[in-house]
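In the two assemblies presented below, chain A is common to both, partnered first by chain B and then by chain C.
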Partner chain A sequence: MARVVIDPITRIEGHLRIEVEVSRGRVKDAWSSGTLFRGIEIILKGRDPRDAWLVTQRICGVCPVPHGLTSVFALEDAAGVKPPLPAVIVRNLIEGTQYLHSHILWFYHLNGLDYVDIVSALKASPKEKSMKQVKEKLAAFVKRGQLGPFTNGYWGHPAYKLPPDINLVVVAHYLQALEMQAKASKLTAIFGGKMPMHMNTPPGGLTKPPTAEEIKAFSEGLKELKAFVNNVMYQDLLTLAPYYLDWAGIGKGVGNYLSWGVFDSAPASPESRFLPPGVLLKGKKRLEKASPEEVKEHVKHSFYRYSRPLNPAEGKTEPGFKKHDTEKTYSWLKAPRYDGKPMEVGPLARVLIAYHKNVKPVKKEVDALLEKLGHKGNPGILQSVLGRIAARVIESKLIVEEMEKWVADLEKEMKKKGARVYTGYKVPKKGEGIGLWEAPRGALGHWIRIKNSKIENYQCVVPTTWNASPRDDKHQRGPLEEALVGTPVHDPKKPLEVLRVVHSFDPCIACAVHVIDPRTNEVYRIRAV
Partner chain B sequence: MKKNLIVGVGNVLMGDEGVGVYFLQFIAPELKDFDILPAGSVTLSTLSELENRDCVIFIDALKEDFPEETALFEVLGENIPLKFSAHEIGISELVSLLQLLDRKPRKIFVFGIRPFSVSPRMGLSEEMEKRLPELKRKFLEMLSAVSF
Partner chain C sequence: MLDVARKVIPRASAVIAVGTCASFGGLPAASPNPSRARGVMDAVGGKVINVPGCPANSEWVLAVVINLISLKKPMKLDAHRRPVTIYGTPVHEQCERKVNFDADKFVETFGNAASAQGYCLYGMGCKGPEAYSTCPKVKWNGGVNWCVQAGAPCMGCVEPNFWDKFAPFYEMQ
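Right after this comes the complex of A and B.
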């Protein structure tokens, strides 16, 4: 039996350590550890509640938008204020750009190289001029020693299945996608003022109404992204999937799914969200209502000083580092559980929940894809590594389509006489609020408690805390840990298959661990230079 | 869009670590010939702001034990190996990617400022606040001396 430790996992956001036990060519057991501390909750205590949405965006420069919005919803909930419809639409559009940015980046740059062999791409013999140029560019880059994004690959591994010419085509799209993800961010900035960390969506609505020029510029940029998502990214999925269909049977995980719902169609009406909230439990056909009261964060195997599982409304951020020991405590991540169960969150959870709720465009896309992959009427194959990849692509396609409609709606709303984008409110002296939303990576919740008009307590439960959580009080594995069990490993020294399972969850640890150690004041500094 | 860009880098929740952003806001009125971007974190999103510029200057915090109070570097961008996580993207990684895309600005500089105190707080340390006018003088002097 071999123990394999991958630390840090690259091509993810932040620091994650994965330890797996391999026996007879398969993963027998797995442990996921968050090894980075962060102190957002501590920083927020005692502050003006109106600062929270600006501070929480700084949890992470990669997906600040959903943190900002979720925090806004939490205060709006506490203050009992609803933003006017144009503000709801602009928030959807900003969130949508964040999804497109995140999914494109993940598909090509964070996950793609687990399936595309760069070294093999250099062996391609392209006929088209543009492909020849890509090959030359890639060869020059490799020759200069700037292997860069490509250094961490296990090139030549037998789990790479694509022929050289297809590898080269996807590399060409990898480069194109670098520009596309940047374009998506530029769109965030059109309404948002800037990106990362947009600044126009305070509690109550927007700081300024969108202008006709902004709407036009946004709409034009969106067309370009839509063309890329439909003609390049979706086609690449269709090209790649047949070579990797065995991954539809790997990495299922816990089989429980949670979504808080995302993209509002009317002010504060979660049930009517485009991707609806819900809970789908293993072995049950019926979708259940998602209630924040059912969430409890366990800390038995995490580095905290208390031991009782707590609902985030009563949550604490009291760190207490102990020795890293997979039998006892081994992560800075808490272990959130829903009604005591580990839940997978993310694009797959959202797509499956929408599918079960018969959301028409979602059902249509999923069924069409299943048919193309030769699995008509069998959505069960999506509960896998391949399913997580497909869900991200399908979601991009669906969202870009909806966004076009929202832009048209916004134009109409802003032409109405007396169109408003802000509703005034007072910060309550005392109160509680919950913001529930979906980051591209999955379910995101912010819990705020206000006393004397200041923040008394603030807790964030973020997607990767759900997915990459350690074991809980009942010793149940977290979703990522569970998904790793049974994964085939050809060579424990080159655990490419393990990376595929890990990357399928798109872990983002920057916000998942949110503690600093107050005794040593030790903070990881991720520096720009 | 102006052809030259100045970018402020650093975490504004970590005191002087965020000096790049705070300092850029302080000197902004003097920078009429430049586009300015108080970016905070350098991420892949920053790529679109950098491509096709003539000259880009980053302002960032130096290491706390750096021997000088300020320093100016030119980023040459040759043979920069890069890791790949959207979080671990730094200035050198961005430059390398811009090269791969044939979109690298002609000149890239980093103006570094040594922090006094790096700890979880919003705003600069008092010591740093006091130094701002002098740092501004140094920065503007550098701007006029450097040949783009």
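Right after this comes the complex of A and C.
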């Protein structure tokens, strides 16, 4: 038996350490550790509640928009304020740009290189001029010994299946996707002022009404992104998937899914969200209502002072670092559980829940894809590494389509006489609020308690805390840990397959500063990959 | 991380601290600073060039890098070790809403007509007079927009200790 430690996992946000036990070519057990701590919830205590949404955006430079909005929802909930409809639409639009930015970044730059062999791409014999140029560019990179973003890879690993020509095409799209990411951020900035860290959505609505020129510029830019998502990213999924169909049977995980719902169609009415909230439990066909009361965070295996599992409304953040020991405490992440169960969150959870709720466009897209992959009527195959990849692409396609409708709605709303974008916001002397929403990586919840018009307590339960959580009080593995069990590993020194499972969750461990000395008695220690 | 920085920085030909956290500690260092965070110049010292901003504007970073590579002249820095070409003038002095500040035309609540017509955001908590950067000129995301143009008060994100010094940021009722 071999222990493999990957620390840090790269091509993610933040600092994650994965330890797996490999026996007879398969992962037998796994431990996921967040190795950095920053203490933003502690910093929030005692501050003016009106600043919370600006502070919480800084939790993550990759998805500041959902953190900002979730905080705004918690603040509005605490004060009993509902924003006007045009504000709801603009918030959807910047959330949408955030999804497109994040999913494109993930598909090509974070996850793509687990499937696309850069060195093999050099063996392609392209005919078109543009492809020849890409090949030359790549060859020049390699010749100078400066692979840049491509330095760390298990190039030549037998788990890479694409022929050279396809590898080269996806590399070309990889480069194009860098531009698309920047374009998505430009769109956020049209309304938000800047990206990351948008400035235009205070609790109560928007700072100013959007102008006709802004809406037009947004709509123009969106067309370009739509073309990329539909004609490039979706097509790449269709091209890649047949070579990697065995990954539809790997990395299933806990089989429980949670979504708080995202993209409002009316102020403060989560049930009518475009991607609806819900809970899907293993072995049960029926979708359940998602209720925040069922959330409890466990800290038995985390570096916090022990307490019984607590609901975030009464949650604590009291660091208490002990030695890293996978038998005892091994992560700065807490272990959130829903009704005592580990839950997978993210695009796959959202898509499966919407599918079960018969959300028409979602059902149509999923069914069409299953048919194209030769698995008509079998959404079960989506509970896998390949399913997570597919869900991110399908979701991008669905969102870009809806965004066009929202732009049209916004235009109409702003033409109405007396259109309002702000209702006013007064900090309550005392109150509690919850914001429930979805970041691109999954369910996001902010809990705030206000006393004497100041923040008395603030707790965030973020997507990666759900997915990459350590074991809980009952010793149940977290979703990522569970998904790793059973993963084939061709060569423990080059654990590409482990990376595929990890990256499929798009982990984001942005909670930094204390770096911990890892244990040193492992068999294989692998750095940046 | 600190160990790596201590080893690398003394031997580096230039050190650029990108963003307010790297420059001055930023949000992690805000009160009560639970992780005892500090900026590079305070944690390690050395000839740091600070490029604060939350985030740092990529055009500022590029300008500093190009300056170092092509001009090879030391950049003139202010007391906070920021290049004066970028951080030498208050946001307020360059702001397109300054005409309205001078004419006493102020936004009194978010979202109204005045907020779209470019009235001054001083009363909403704008820190433009105390923040030094080229935001109104260079703008963000390739010149698309900037905070005040989006109707938002400047929160002074390029200044040391801004989270504690300037809070609260948006003074809406």
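Going forward, the second predicted complex is superposed on the first by the 510 of 529 C-alpha atoms of A that agree within 3 Å, B and C clash if a C-alpha of one lies under 4 Å from a C-alpha of the other, contacts with A are read in each partner's own complex, and residues count from 1 in each chain.
We take it that a residue touches a chain if its C-beta (ideal position, glycine included) is under 8 Å from a C-beta of that chain, and two chains touch if they have at least 3 such contacts.
Quantities reported herein were computed from a predicted structural model and do not represent experimental measurements.
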Chain B versus chain C as contact partner of A:105, first or second or both or neither: first
Contacts of A:159 with chain B and chain C, given as first, second, both or neither: neither
Contacts of A:144 with chain B and chain C, given as first, second, both or neither: first
Touched partner set for A:182, first chain B, second chain C, both or neither: both
First, second, both or neither for A:124, with chain B first and chain C second: neither
Partner chain in contact with A:62 - chain B first, chain C second, else both or neither: first
Which of chain B and chain C A:353 touches, first, second, both or neither: neither
Which superposed partner A:391 touches (first chain B, second chain C, both, neither): neither
Doubly contacted chain A residues - partners chain C and chain B: 39, 42-43, 55, 58, 61, 182, 185-186, 188, 194-197
Chain B-touching residues of chain A, taken from the complex the two chains share: 10-14, 39, 42-43, 55, 58, 60-62, 101, 105, 109-110, 137, 141, 144-149, 151-152, 175, 178-179, 181-183, 185-186, 188, 194-197, 508, 510, 516, 521, 523, 525-529
Residues of chain A defined as touching chain C within the complex: 37-40, 42-43, 47-48, 50-51, 54-55, 58, 61, 87, 182, 185-186, 188-200, 202, 204-209, 211, 319, 420-422, 424-426, 512-515
Residue numbers on chain C that touch chain A, as the complex places them: 1, 26-28, 30-35, 37, 54-55, 109-113, 115-116, 140-142, 144-152, 155, 157, 163, 167-173
Interfacial residue positions of chain B with respect to chain A in the complex: 9-14, 17, 37-45, 47-48, 51, 58, 60-61, 78-88, 90-93, 96-97, 99-101, 110, 112, 118-122
